[in-house]
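In the part that follows, the structures are each spelled out as structure tokens.
Consider the two complexes below, in which subunit A is the common component and subunit B and subunit C are the respective partners.
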Partner chain A sequence: MLLDVRDLRVEFTTREGVAKAVNGVSYGVAAGETLAVLGESGSGKSVTAQAVMGILDTPPGRITGGEILFKGRDLLRLKEEERRSVRGAEMAMIFQDALSSLNPVLTVGDQLGEMFVVHRGMSKKDARAKAVELMDRVRIPAAAQRVDDYPHQFSGGMRQRIMIAMALALEPDLIIADEPTTALDVTVQAQVMDLLAELQREYAMGLILITHDLGVVADVADRIAVMYAGRIVETAPVHDLYKAPAHPYTRGLLDSIPRLDHKGRELYAIKGLPPSLTAVPPGCPFHPRCPMARDVCRTDVPPLHAVERGPASGPGRGSACHFWRDCLEGSARR
Partner chain B sequence: MPDTRRTHPGPEPEAGGRRPGERLPGGPPPGDHPTGDRPRGNRPDDGPDARDGAIAGTGFGGSMDLAADEGRTLEDDPGPDGGGPSGRPRSLWSDAWRDLRRNPVFVVSALLILFLVLIALRPTLLASGDPLDCDLARAQEGSRPGHPFGFNGQGCDVYTRTVHGARTSVTVGVCATLGVTLLGSVLGGLAGFFGGLWDALLSRLTDVFFAIPVVLGGLVLLSVVTSNSVWPVIGFMVLLGWPQISRISRGAVITAKQHDYVQAARALGASGPRMLLRHIAPNAIAPVIVVATIALGTYIALEATLSYLGVGLKPPTVSWGIDISSASPYIRNAPHMLLWPAGALAVTVLAFIMLGDAVRDALDPKLR
Partner chain C sequence: MATTAPVPGTDTTTEPILEVEGLVKHYPLTRGVLLRKQTGAVKAVDGVDLALGRGETLGIVGESGCGKSTVARMLVGLERPTAGAIRYRGEDVTRLSGRALKAVRRNIQMVFQDPYTSLNPRMTVGDIVGEPFDIHPEAAAKGDRRRRVQELLEVVGLNPEHVNRYPHQFSGGQRQRIGIARGLALRPEVIVADEPVSALDVSVQAQVVNLLERLQDEFGLAYVFIAHDLSVVRHISDRVGVMYLGRVVETGTDAQIYGHPTHPYTQALLSAVPVPDPAARDRRERIILTGDVPSPADVPSGCRFRTRCWKARQRCADEVPRLAVPEAFRGGGGPAAHPSACHFAEERRVVPPDEPVPSRGGAR
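Coming up: the complex of A and B.
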């Protein structure tokens, strides 16, 4: 396993109290594998990624427990200096909004080249040549001419390509893409995702794709982890999850996708709002919104049950629902 | 139609091209979808979807064309000095310099400042007389050949004194601004970047300095100084002036620190000093430059104020401030005594403010 996150817990100290943003999250990514982390805003998916990268703002954030094993080393035990040498070289991150993630006062060539200057100690001239090479690699036309342009002179899709090029520069083993296509329009989204998936295959990197777009996930992911209120509520290989979700929340998400053959019908929506992280409901955090909730859901926190029986079940499936079996069978019948 | 494709483009082995789902080990064979496969239920009969890869490819070409067009437009419009893509690496500062050379505001103000610095260094080039050569018999007289600006209340030549006064005023203004900017931006920048205890301490310290009224502080601190050089005055201005710049640079650094690109640089392994110097400082420096250039004018004026109160520079030092204060009671009888040094002061202050403005614009690539 390339990356193995075990029982990670992150808290934020706020005025309203302690917000438990990540509450015992475990997931793993193998080399060449794509894990999609799915969830609403505030479900803790980005915070988990920031903790893995080591770029969590502390304070107000605090990692209160768990391990992050990367190639066998626990990143949380490394010194900041060692941690920094891992970032960029061995694991890199792609951010949501490429315009604000690129420094407006530096040319893209400068910023791409910086990776080589910082980590490889290259001269400015060599780094610039490498920058042109990278821009070619992510298919930016006329790279040699555009290397001296500033970020605002590029279109949105081109900027995201530059971010991808920066992340890929040192051929890391793991890339975390935090909603890489959310800020782009649909046609460009597809191109950027294709590019990312292709490069991932080429370099056999592990990829963590953080998103709330189920369409993007289905296209590129191998496995899915669905997060809700700082917990993983369901994890499964991508086909199994789409075929028969084993958690009512996942089922709600899939039912909320607009579909052509349902034209004219009212679109399903999960009722209610996600809970505030400072006041997570007792028991299963999803119970106030869950159509299947019973008394036990209000008192007992469901552990991540192994989903080993029923339709589309198999090793590696898990569901944090007391009634996962009912849910799974119900899903399969629909 | 393309929208639905986006919402459930399940990885289908039969979908051609370079669809990423293809490599999925153990992906279901085409016929393996039960009817309950809701998210992708309408896919098997969705023939055109198999062309998905091709459609994405077309999109690629389209946007590539677009970007290539952008590139061409940029090349076709290389600007007055042909500053299109050049072979050598460009930096923020070399780009700013190229911009500045073309900016008339910068050229005019820079020439003015160059001229001021020149006469501050070598006043005798323009005025060979002695500014302290005074004859009470000629007091308050108007202009006459050889003495174009007339005489002041002591009968000294106003032209000579105005030229010689540039030295003290420019020295005070430039040195005080440099001192204030260096001290203030370094302290404020570090406090903003690291935050925590040092930031809190520095913030309270600036509050203490803000509470000292400048004129009162000047009266107290400078009245004990016996030296007649400009340095105690400059030291006083730096002492009371740095908190202003410190606050501004602290705020600017905190704003810049929160930008995504600083976070991104961190995620890609940049060290603290590198983030501060390369990513934060260039984005935080603009407000500091603007305030510093405006402050430069006020420091020259403050020197005049302090001199007027008798605690700044004292005669026989020649300064615009001293001349303005000594001429102010006679503004109705002999306005020329006031207007020439005051005019010189105004032009100097204006030149520095225009310079600051031009530099700020040049350091912002988005305005290019």
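Coming up: the complex of A and C.
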């Protein structure tokens, strides 16, 4: 396993109290694998990634437990210097908003080249040549002419390509992409996702794709982890999960999205709202919104059960629902 | 009444209540401070024809910069068109002023995209929802307003007792309901909704879409529903118009556009939408467009899409394609016979047929 996150816990101190943004999250990514982390705002999907990457703002954030094993080493035990050499060179991140992630007063060539100057000790001239090469790799037309342009001179899709180029520069083993195409139009999104998938295959990188879009997940992911209120509520190979979800939240999400291929009748809507992280309900955090909730759900936190029997079950499936069997069978009958 | 022969592509399923013809919005580009000289124009909207039937939903889709939001703003009178007509019940709104204009605007209301910036943070919910009554006092007697506001809150599924709360005390989905209640206050016939669910989480989005559909049935509303999410638009719309760089390139019923698109841009757009079904990965044909949308200040000659189109030939640079039923389909009828502004229109199925997909609608 390239990355193995175990029982990670992150808290934030806010005016309303302590928010448990990540509450015992475990997931793994192998080389060449794509793990999608799916969740709505406030589910903890981005905070988990920031903790892995080592770019969490502390304070107000605080890692209160768990391990982040990357190629066998626990990143949480490394000194900041050692961590810095991992970041960028061995794992890199792609953000949603390329315009605010790139430095507006430096040319893209300088920003791309900086990676090689700082991490590889290259001369400025060699670094510039590398920058052109990278821009070519991510298919920016006329790279040699555009290397001295500033970020604002590129379109949104092109800027996102530059971010991908930056992440790939040092050929890391793991890429974390946090909503990489959310700000892009759908035709551009398709171009960028295509490029990302191709480069991942070529370099056999692990990819963590953080998203709220069930369509994007279905297109590219091998495995999926669904997060809700700081926990993973379901994890599975992507085909199994879409065929028969084993958690009522996942099922609700799948049922609530309109379809492109037919008009459909009234949408299923999960009632209520996601909880505030400073006041997560006792028991199963999803119980106030769950159509299957019973008494035990209001008192006992469900562990991540192995989903071993039943339709579309298999190794590596887990569901944090007391009644995953009922849910799975109900899903399969839909 | 100015109803002449219907503009092609604007035949509604019911009697039209709102008709748009040749709508244009150009923003001048100027140089110089004292001696301002116009050097060009951003052609945000450049000749749009649309019609909306009574109680019908017209979806408008397109990518950023295609002009869909500018159309919306002109429909509700937030922008003045450079040219063209907007007819409400046959009367050209762009020529009205004063009292007559005010009366029309009462009937065409807007719901905005961002529930965080479209509500004044210093006004209570009651003031926000009741504000339309200040502008149109004839719509509700002074003593009756509080009751009317509470009624409206109830209609959109909010607690009427929360009338004295402020926007920040509500979640995004609830704020969008407040925006909808404000849009409903004057009992309009038409609501123009610009990306009303785009800022919401998936689980909340379905609640708001269902609310909009329920309100449509209850009050007989007609919607112009603008969004970039093609699945949401299909779900809610009776008819759909696809825009590209200031023009409508294809219009038809939802089944015609999604099942039988004939314009290459529509086909590329639909094929790019990720479908939440991993089994469709291999069954689907993806059309990946090259390049970016050209600047609306420097529009290509002829067909605007030709710079990214895989079918483009000389004719596309020379001749602007008209939005009309393409000749090839004119005789036969059938679902492909709908207006499409392409010289070389042909049918191509890009949305996988839905048979192999299990039917949804489970955990109710």
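As a working rule, the second predicted complex is superposed on the first by the 330 of 334 C-alpha atoms of A that agree within 3 Å, B and C clash if a C-alpha of one lies under 4 Å from a C-alpha of the other, contacts with A are read in each partner's own complex, and residues count from 1 in each chain.
We take it that a contact is a pair of C-beta atoms (placed from the backbone, for glycine too) under 8 Å apart; a residue touches a chain by one contact, two chains touch by 3 or more.
Please read these numbers as outputs of a predicted model, since none were measured by experiment.
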item: Partner chain(s) touched by A:S46 [first = subunit B, second = subunit C, both, neither]; value: neither
item: Touched partner set for A:E114, first subunit B, second subunit C, both or neither; value: first
item: Touching partner for A:L260 - first (subunit B), second (subunit C), both, neither; value: both
item: Partner chain(s) touched by A:Q160 [first = subunit B, second = subunit C, both, neither]; value: neither
item: Which of subunit B and subunit C A:S319 touches, first, second, both or neither; value: neither
item: Comparison of subunit B and subunit C by subunit A residues contacted; value: B
item: Contacts of A:L273 with subunit B and subunit C, given as first, second, both or neither; value: second
item: Touching partner for A:K124 - first (subunit B), second (subunit C), both, neither; value: first
item: Contacts of A:D219 with subunit B and subunit C, given as first, second, both or neither; value: both
item: Which of subunit B and subunit C A:Y242 touches, first, second, both or neither; value: both
item: Contact residues common to both interfaces of subunit A (with subunit B and with subunit C); value: 141, 155, 157-158, 186-191, 193-194, 214-215, 218-219, 238-239, 242-243, 254-255, 257-261, 331, 333-334
item: Partner subunit B, residues of subunit A touching it in the complex; value: 34, 53, 55, 84-89, 92-93, 95, 97, 100-107, 109-110, 114-115, 118-119, 124-125, 128, 139-142, 144-150, 152-155, 157-158, 163, 166-167, 169, 186-191, 193-194, 197-198, 200-201, 214-215, 218-220, 222, 238-239, 242-244, 254-255, 257-261, 331-334
item: Parts of subunit A lying in touch with subunit C, wherever the complex brings them together; value: 40-41, 141, 155, 157-158, 185-191, 193-194, 212-219, 221, 238-239, 242-243, 248, 251-271, 273-274, 291-292, 330-331, 333-334
item: Residues of subunit B defined as touching subunit A within the complex; value: 2-4, 6-11, 18-21, 23-24, 27-28, 33-34, 36-42, 53, 55-56, 59-60, 62-64, 66-68, 70-71, 74-75, 85-86, 89-92, 259-261, 263-271, 274, 278-279, 282-283, 363-366, 368
item: Touch list for subunit C against partner subunit A, complex; value: 63-64, 171, 173, 201-207, 209-210, 213, 228, 230-232, 234-236, 254-255, 258, 268-281, 286, 288-289, 291-292, 351-354, 357-364
